[in-house]
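There's a structure below that I have some questions on.
Think of it as A, B, C and D in the order they're written, each chain with its own count starting at 1.
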């Protein structure tokens, strides 16, 4: 998934970037980094690990200046990428540049191949490197702004970008607006852009507005200028609402918690079930479960405990680790569950293995019936726009029918929320969103 | 707070102790340790840090045998105790012994002074060392069992003990039963005793029963023998229900989550308020808030987010760290809160500083009114039985009236649950519980 | 300084590279890395720190294949380079490439500027990146060999290079042969090239010959081919003999220990002094002191102890750390020194601060006289070929006369070995060596 | 082996103890610790690891006061002792006490058994604990001084002790004076006692005199008082001269380097051999080799290099690690060795495995002949006074004749220095020293 942040016009730029990244840690725990500029030079500190593990007080003496960009990285690939972390920094024809990127390019390989053909070298596996190359190659143009526009017009896919030069900061969101990106005003002076508005709270910023799909914002000489560089054709990632974004963030103009709760209400309307209690799979199913409970009138119970001394399931890199962690992470409140009929609410089913383990655990704890209700449609296809879903083959819903999945996970019943219901929940035009992982309808390939 | 565990009769004794300690990590993050016996020798591994940080695979080659005891330590003291960790191991007249202790002795100083007078040395600040001395000094008695009984009859206060000799395991709970202690049967063979039943789930054990106040259980020759060594006069710690125990644990015969929810219901009955939503301070206020919402009919909303990339507030050792962490840990869902009247449910108020910060945060997020409802009475006195409450002076309710506290924390109203309502919630005799931190009525001093 | 290694044709290629780097750790403690190829892909592991700190057993599962190259890095620059480590890996027109470089290019900036002008990006501060760019840009040539030759013909300065493609390994030494590079045959199969022959011992290799100045060796299809790609004009770094290389290495065709001892003999002939004992500054002055003692007949005494629990002075990155370490590293054997006239032999004087501290320490220990004899000429200029000497201003001999330096360091006398004497010691033509840091006669600029 | 230090009457007492321990790190790398007293309380910081790894700046805020004691620990035992580190601190009848001990008690078990019989508990495997018990039990005596005297009269064996109470410091050396202990005066005020005088240099102290065998020194009210509490019968450890002590230390009234060199001279007289060069096994054989060379006229050559990026052989805890490290630690200067007849000087032979590996290495490097000359007699028995020699069975000289050992280690000849020659070298009465590991004549058992 990843997150990006940019701070402009604040003397504590890099520290604010640090806190913003901390607030967006849920979007990537593999690596993190910050670049800052003091007007003369860009400095970068990045490493593998959590934000709080990487940065020491000393680093902020290096990361001087009143402009900074940052990134948390969510691992998507294999051992190849062991050294990859953002920002990607480079010296090039116009001086120094550093870029952070949230998203995924669908034509990265083509661009890379073409660039390689004319002599480019690629030192990382990151799409960001493509972008720097495109900017650098375009040496006939003398203004960075023009080069950036030319470059982003060549790339296709999902990109929420923050680009730092020695004296300016550029923010761009792809015309589809796949990934969120918001603009805020810092109370202590200057501006912030961040993948999620939850970063605004911690650093003391007020939400101004979303960066628009297709928009470029330029921070220069203590001013902000905006320009539409693409015709916007919004296809915002519905999965941000379903799983990724933090409930306290506002994403694509709506509060995530509220949307999730509303999806829970729709789930109750669309897929009612006779049961004694509504139980969320914590933490991602909580808001939807609350909505389900309020709509259905079935009591809401936090009957599955989450142990927070371990990390987040979906985000772990290998299957083996994930298995151990499920056992160490969730535990049922037996006393509440015994002899009861449960509606269990989860945000999604990917491989089915976790769901299977949860159902078994609840049955062992004495549940009379376990009805799984999923606050999203069946995930049938991978994402090419920055979400690390597994391959089609690994997605259980690409191979099995809902009935077969219910059997596999040993649930008494299973049902998914329909796309129509989601649309109702978000109270927006369906067309503005990307549902590709659910309906195979990819906006760009 | 601390937790203890004992495993008897299982070839993976030390590994099971490890997982049990992991499940009880919330009862102490300062240090942890395990002793095991292979029948000939007792080995110990202990250190500062979290369970998962301390133990490496290699340690379990040292921790051989089918009996093991373990401990997680919750720091209560200053720098003096930097090296203290349990189990406390010693060689003495009957061979080798290792002890873990959850609780606090009120006559530790007297015993220590008396022992020191006759030449004893104390290498730690832990009450556990007293106990080993008492057992060792009693050299005229030739049976460990008799020595243990003599020893525990000399100590006063709270003690849930597990004692390991080379071939036996003894479990004792003080006559007041201040701290919880439960017995389980391992599916893979043998027995477990643990401070909380949440440890049973992870290691695959079935709850058998609580160790009774005043009871001693002896594990020997693959058998269990029980003996009442004290006249039981139960004064079980009400704070286990209010804050410490994990919701999925059954403590003192009742499920913690259910008790907490019921306390929330009583809170709604006793202290109604006109409001738009019920909001818990996560995680400790969730169950009570659910009860409050169900009873009052006011909608429940998870409108304060908790960031789980940092640890648990109450458990941090110093005030400074706690301050920073509050800001990094909780964040309001502004969208939900704006213009609304909130009933905010927390488990307790200690110094008042956290509550003040929470109220301010909610007001800044746009809350129209903030009504604090506390699912316990005002904490007016320290605990001498193993809970690390601050001194009387630091407890805000020992200095200020409820009205004054409300003003201090800037809440529109503040109210505490009464002791009577708690008694209703637990559906048990008041006399069986210790309410000393609320009513100054200390069972033993 | 840095060191490079290449292993070809051995199934434990990366492990052998590891041990070779360990043996050459004295040439750089800042960072280290290894790339290996299994014929299909090149994998790289690199990080800051010592060789033994960076690599874990697991890394060698990633570093598969029977070809590997490695590098230890000696920090020369400031905070800019915090992330720099070699090998530098890239994907480019002919597939994958990884390069290690020992040396320094004098036209790096020009090349960089030119490349940047035509759109190249530079992500590191390392000359190695230039080289990969030159190879990659040359896309009209279809053979890597041709591209490498074209590239190295464009660069000027010191370069001992090992280049790994997916199926071949190229070894090149610049026409001046500034930095050493030797070829060995592994007893367990295959070949090794390494900066110093001390690496051969540990991995079980036999010395074959030095890579010649101007030579390229190609390892391909289990064969070795050699080609002179430059007219050789040897200007080998005399400082390798004086300080850098390990005494057990053979460098530029001669054993370092023997050369150093011979320089000590010349020192005694050229700069005799009446004294009671010859004392080396350990470890770098030992061999020269032995030679001095044998030639002069003055007894040799190890009267300054070195504490090996700390690292090597000259190699530490900042002045502050170095100061502390001098005090913790060297200690005089008072008993031997009291009332004695000492000839103290050191390899060189850079800033003069260490010498000053040593003289003072010896005087405090009771030395009657301290005569410093330096086994090299006065260092008056920086090195542009890979040795991290400080700027001209910081070099004490660039500002002060020998007499003034003697006074500054509080020695009773001070004398430097002449270039002529060094030439005698190495028994070779002066012209074959670079003495630029002593005579300001830079072979290439 | 271990080392101890005591600082009295200096405001930086704990920091000075730290630097003194650093200087004595060669006497124990397993664990280290410091206790200090500010007059009211004794604080202790100790842990496993090197001195520089254990202590952080923050610790010295805890270790307040102008008195401090310290210890470095050399592991002698198995996994039992994983948690053992000194100082050993205790609260007892007279307040607080902390003790450091260098040496080994031969009646530790008897004392322990007796103490245990009357109810004592032992939490460690360290003899030091015995001593604190003896002091604490003696509760009828009201003065600590009297208790200490009574206690040390009960223990037998080797002990160089520093004892810290809240307001005094006691220093005791056993009547045999097995282990060294010296008194110095700090230039910055106050006194130091330390196992080796090398600690004096680093902290800026002047040697005053050795603590006498049988002497007790009391530091109190800024005064020093001395008392002979035992009839001295010196049996000082000859192995301190042979191997343990640092060359720059003065031990038992003589400089270690000078004694070692003199032993080398005696070795040359007693065991001449026709050879081309004298080569030390570094670092421990260097001084003796110098003496051998000067006496014999055979040139001295440092023809075996030592790589200082790894630790000291003899000091590693297990055989496996030691094997790997020999290969990574020593390397021959082939060029010097080829075709030459070598006299190789080592300090001692323990198991013979290292010697065998060294001889083989030299032969492989081309040595024509390798004559081993050992600067001590054949080690035939273990030490009971604090040196960690292996069991009799593991000592090669207890099983094989010198000729057989020569064959086993594949040397052309092998000879050991006689006790008589050692006596000549130290220029003192043989009776004042313990040669038990060489002549089986144990002063006390």
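The rule is simple: a contact is a pair of C-beta atoms (placed from the backbone, for glycine too) under 8 Å apart; a residue touches a chain by one contact, two chains touch by 3 or more.
Composition by chain, UniProt nomenclature: A, B, C, D = Amidophosphoribosyltransferase.
Just so it is clear, the structure is predicted and the values come from calculations on it, not from any experiment.
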What are the chains that chain A and chain C both touch? none
Taking the mean of the C-alpha atoms as each chain's centre, how many Å separate chain A from chain B? 37
For the pair chain B and chain C, the C-alpha centroid-to-centroid distance in angstrom is 60
Using Cα averages as centroids, what's the distance between chain B and chain D in whole Å? 47
Chain pairs that touch, as defined at the top of this document: A-B, A-C, B-D, C-D
List the residues on chain C that touch chain D in their complex, please. 19, 22-23, 25-26, 50, 52, 198, 201-202, 246-248, 250, 255, 257-258, 283, 286-287, 290, 294, 299-303, 305, 307-310, 327-328, 331-336
Per the touch rule above, chain A residues touching chain C in the complex are 41, 43-46, 62, 79-80, 82-83, 88-93, 97, 112, 116-123, 132-133, 136-139
